[in-house]
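Before I ask anything, let me first share the structure, which is written out below as structure tokens.
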């Protein structure tokens, strides 16, 4: 039982990290980045290449891949978002889908079709607790996710850059009036979101194997999690992610593992139909 | 003369703010009734409650002795209550004619089969509705602009087109939300002539307007609203000399003395 | 974006449309060389994109190697072989388009089919209508019913599944069997055969669990099977899920012995599963590197030098397929489809790299090997089963 | 030579070209592609109702396409019902599901609707894959009976071409007549301004659900035709990626017009095949192509040329970035 809960929470934390990446961008520029799943894959591949081919120590590989993804985030924003910022959101959404198609196939060409395994910092070691063996990597994921959440809270609340990014997210016009360089803040938002994706990718690799398709429905699931939690709200994304991770594992164990993915989306549609604000979202409505 | 529209002690509370405070008023069949008051008095909120956008926190709305408060806007519009908007809401990408045709949507029964196969029945019904719309356009002086895009019309023309669309619903009661806003003098004069014409056709009008010349010239009865409460009601000359009304508009006179 | 660039860009798209339509006319006709000297065109539909490229590359390498060898030795009765490859990716429409292109546009004489059984099902109607010899990699037992033009180069699931069940009950002396499988048609086909074979041999299947082809976390399935008291797991799935199964079997401390489908023995799967693979039994095509026959060992060495990676049974069966097509064309003395079909059916006990082939019907390969993975190598031969 | 005769001549020329295509095509491979593109035209025309005219996003078109295909296939294979009865049923079955997804989506806008339709699509595909007793599961449905009319069975690719052409022309006529009717105008009114539409007496619930059902009906009919033509269908064909391709067809061709989806469908069926020679690179290029098109011509080809294209202005209208609420307060 505890085993299921732990791996459920671990999976949930990954969904939460990716969902956070999606929500951060959505709040700032009202666009859903359907390529977020592929960003995670990119982070995993970069880390795998650094450790396996260049034999860097694990932690160095993690740090470098997060920085590289930050750079990638900037380029992605310049190429896919910037020329489209004035366009309706559907054009931008389809553009991100185009980017995800490109990333999936480009990764397969560069890194080959063979899934790669690279051990996490704790390698294979298991933790035996009262007859229950828990994968050390799961614990690492949960701990790192909590740390990131706390960091994000302080970053946005306390640091000036964080506050400026939040201001841009709330109201771009007002932010420009305050002298905030909005386009720079948007760039930072994309960079931050890609770094979150890199973190998720790096943590996920030992469980998921690094392959071109690892990101595929991860992005969709994370987006669903952010809606279940209450789209636009940061706690909503985190709690939605955890909720989805645990729901899936228990649904797979006790109902049927075949329909595991379907449960995520059934819950999503129910939430959208009856509680569009999500479990934790606040009431937002447009005046007539 | 029995009332066509009765607003019975309605209140609209937006999280602590009583935008409308137990307002009661009624509009008689065939009259031109104006609802005036300084900005923020709650005029448009009242209009939105009557036309079904908001469900009033308290009170009832009776139209043609049927309870309509809380039902959705399309049912209310089909019951014969059409409206225009403060900031014109036209179907910009559709042609002028199409805009008016949409007004007539509920009255024209083309039927699924007719629509898909353009049966002779469909063509007859369609032709009739086009003629009616053209007549309306002629009435408001937009006949020659029928096939142009609504987006390309001037502001005054758009205002008048919106009235034409409302008229296409063959309404019993027409709600006009600041129709004269942004019109020049000739356009305002045309508007007065048009509203007179509508009254002649037996259409009751509830008018929200700031242009006092228009209100005093057109209205049979006026209700004055201030901070969501009714402070006066009666015919134009009574309202003109009503102390409270002047204070509401010009602020305390004694303050200057 | 000024109007001009927008206009020119969409004009480019429009011309692309016109080119695409007119483009059809050009490459239809083949070279004007007289018929008897013209190269014999053999088609291959294999996964060059999508996650199945892993298998696609093995097939493509094996085929190219055979074609180059034959051409170097003078081709088939003097005519060189021209290999035409089309990408069948991972969906049925892609496979159907690839096969149609091979038959109609590339006018090939025979086709080497893709690995996925679902794709083989999808193209069966086209092959039957076009009447062209079609070598099959898909192992689903029901694939050959009504498809007289299908020639399977690998043992079908029926043989492999029965052997796996037999080995579990008689070899490992286990009574309670757990079956895990992919939810796709390969996995479902395998499971049905295993369950039937176990019941025939007096064992009991205590648990059946299926997973989707992109599932990553099988903890739920493994805990279920363990709680139902299974003593051994027979798994019928694709590489990355089989690897996850072995890895999590060890991680969660369940440590049940696992007997896997042929995919379990592929170098890719072993590399993915890491040391969790050690001890796993594999029932599948004879592993080339394990085949004592020196001819096979020479071939393995030549393949490894050429492609810098060890061959697996896919490359072996593709290599044998080309050689058998060569034998059939030479025997039939022409590239006429029905003649090739008849000639293929006369092949008896042909010692290939991957199997010994006897084509009494569509099923040519009748030899299966049970092996065990030890320190990262699928090289401990347990038993060779000949039917 | 007045305008009317000129337009008539162009029409004749166009008809001649379209009718001669099977003859022009060098072999069955390209005829097969032409047939597939005709089927996709019907799906794209359907999607045009909900997206082009009503302004709502649907990523569930492949699911409706699949529902139609499975209805015809299962009725044919399991219950031996003739194609001519099964086809309309496929359309109706798909539109029932269209209503099913249409109702909850009434209150949704933007990303939320997109996400709901994606979820719906994935659930439908999962049911097809795993409900083995009813849908034959992952093995798919084989030897689906072909199409025969009084003894004559359609066999060759060219015969299929003309048969499908009939359905495409029918779909175009139906689209034209709906566009020029009150119903069509009510769709566009909802796209332009829902609040004004409501006050003009348009019942928003009915209009949106009907538009969903209509686009599903087209996809269902196309699914039935696809199943009978290809004789074998399996769940993996009706995936979320396929819905993306359908959506991109309408987007690139030009939504909100009649010609747009037709051009988009033909283009996106032939271009990937012609890029085939690039083997594993063509999917990556396809991705970049979509990004470029979104940057340069978001309104699609047809709308670039039709300067006053109604949809063109709507989609390129400048939008201020604000977080749309999941629910418009109506």
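Letters are used for the chains, namely A, B, C and D, taken in the order the chains are written, and counting of residues starts over at 1 for each.
By our rule, contacts are C-beta pairs under 8 Å (C-beta built on N, C-alpha and C of every residue); 3 or more make two chains touch, one makes a residue touch a chain.
Fair warning: this is a prediction, and the values are worked out from it, not measured in the lab.
Path length between chain A and chain C in the touching-chain graph (shortest route): 1. Seen from the C-alpha centroid of chain A, the farthest chain centroid is that of B. A summary of chain positions shows that the Cα centroid lying nearest the centre of all protein Cα atoms is that of chain D. Inter-chain centre distance (chain A to chain D, centres taken as mean C-alpha positions): 32 Å. Chain B has its Cα centroid 50 Å from the Cα centroid of chain A.
Between chain C and chain D, the centres computed from C-alpha atoms are 35 Å apart.
Distance from the chain B centre to the chain D centre is 41 Å, each centre being the mean of its Cα atoms. Touching two or more other chains at once are residues 53 of chain B.
Multi-chain contact residues, meaning those touching two or more other chains, occur in chain C at positions 49, 53, 183, 212. Within chain D, the positions touching two or more other chains are listed as 129-130, 195, 280, 283, 295, 329.
Partner chain D is touched in their complex by these residues of chain B: 51-53, 72-75, 77-78, 82-83, 85, 89-94, 98, 101-103, 105-108, 110, 112, 114-118, 122, 126, 129, 149, 151, 165, 168-169.
Residues of chain D that touch chain C in their complex: 24-30, 32-33, 36, 129-130, 132, 137-140, 142-143, 230-234, 236-237, 239, 252, 263, 266-267, 270-271, 273-274, 276, 279-280, 282-283, 292-293, 295-297, 301, 304-305. Those residues of chain A that touch chain D in the complex are listed here as 26-27, 29-30, 32, 79-80, 83-95, 97-106, 108-109, 172-173, 217, 220, 223-224, 227, 231-232, 258-259, 261-262, 264-266, 268-269, 272-273, 276-277, 284-288. On chain D, the positions that touch chain A within their shared complex are 57, 103-105, 107-108, 110-112, 114-116, 118-120, 122-123, 126-127, 129-130, 195, 240, 244, 247-248, 251, 280-281, 283-284, 286-291, 294-295, 298, 315-329. Taken together, the chain C residues at the contact with chain D in this complex read 1, 5-7, 9-10, 13-14, 16-17, 19-21, 23-25, 28-29, 48-49, 53, 85-87, 90-93, 96-97, 100-101, 103-105, 118, 121-122, 124-125, 140, 142, 183-185, 187-189, 212.
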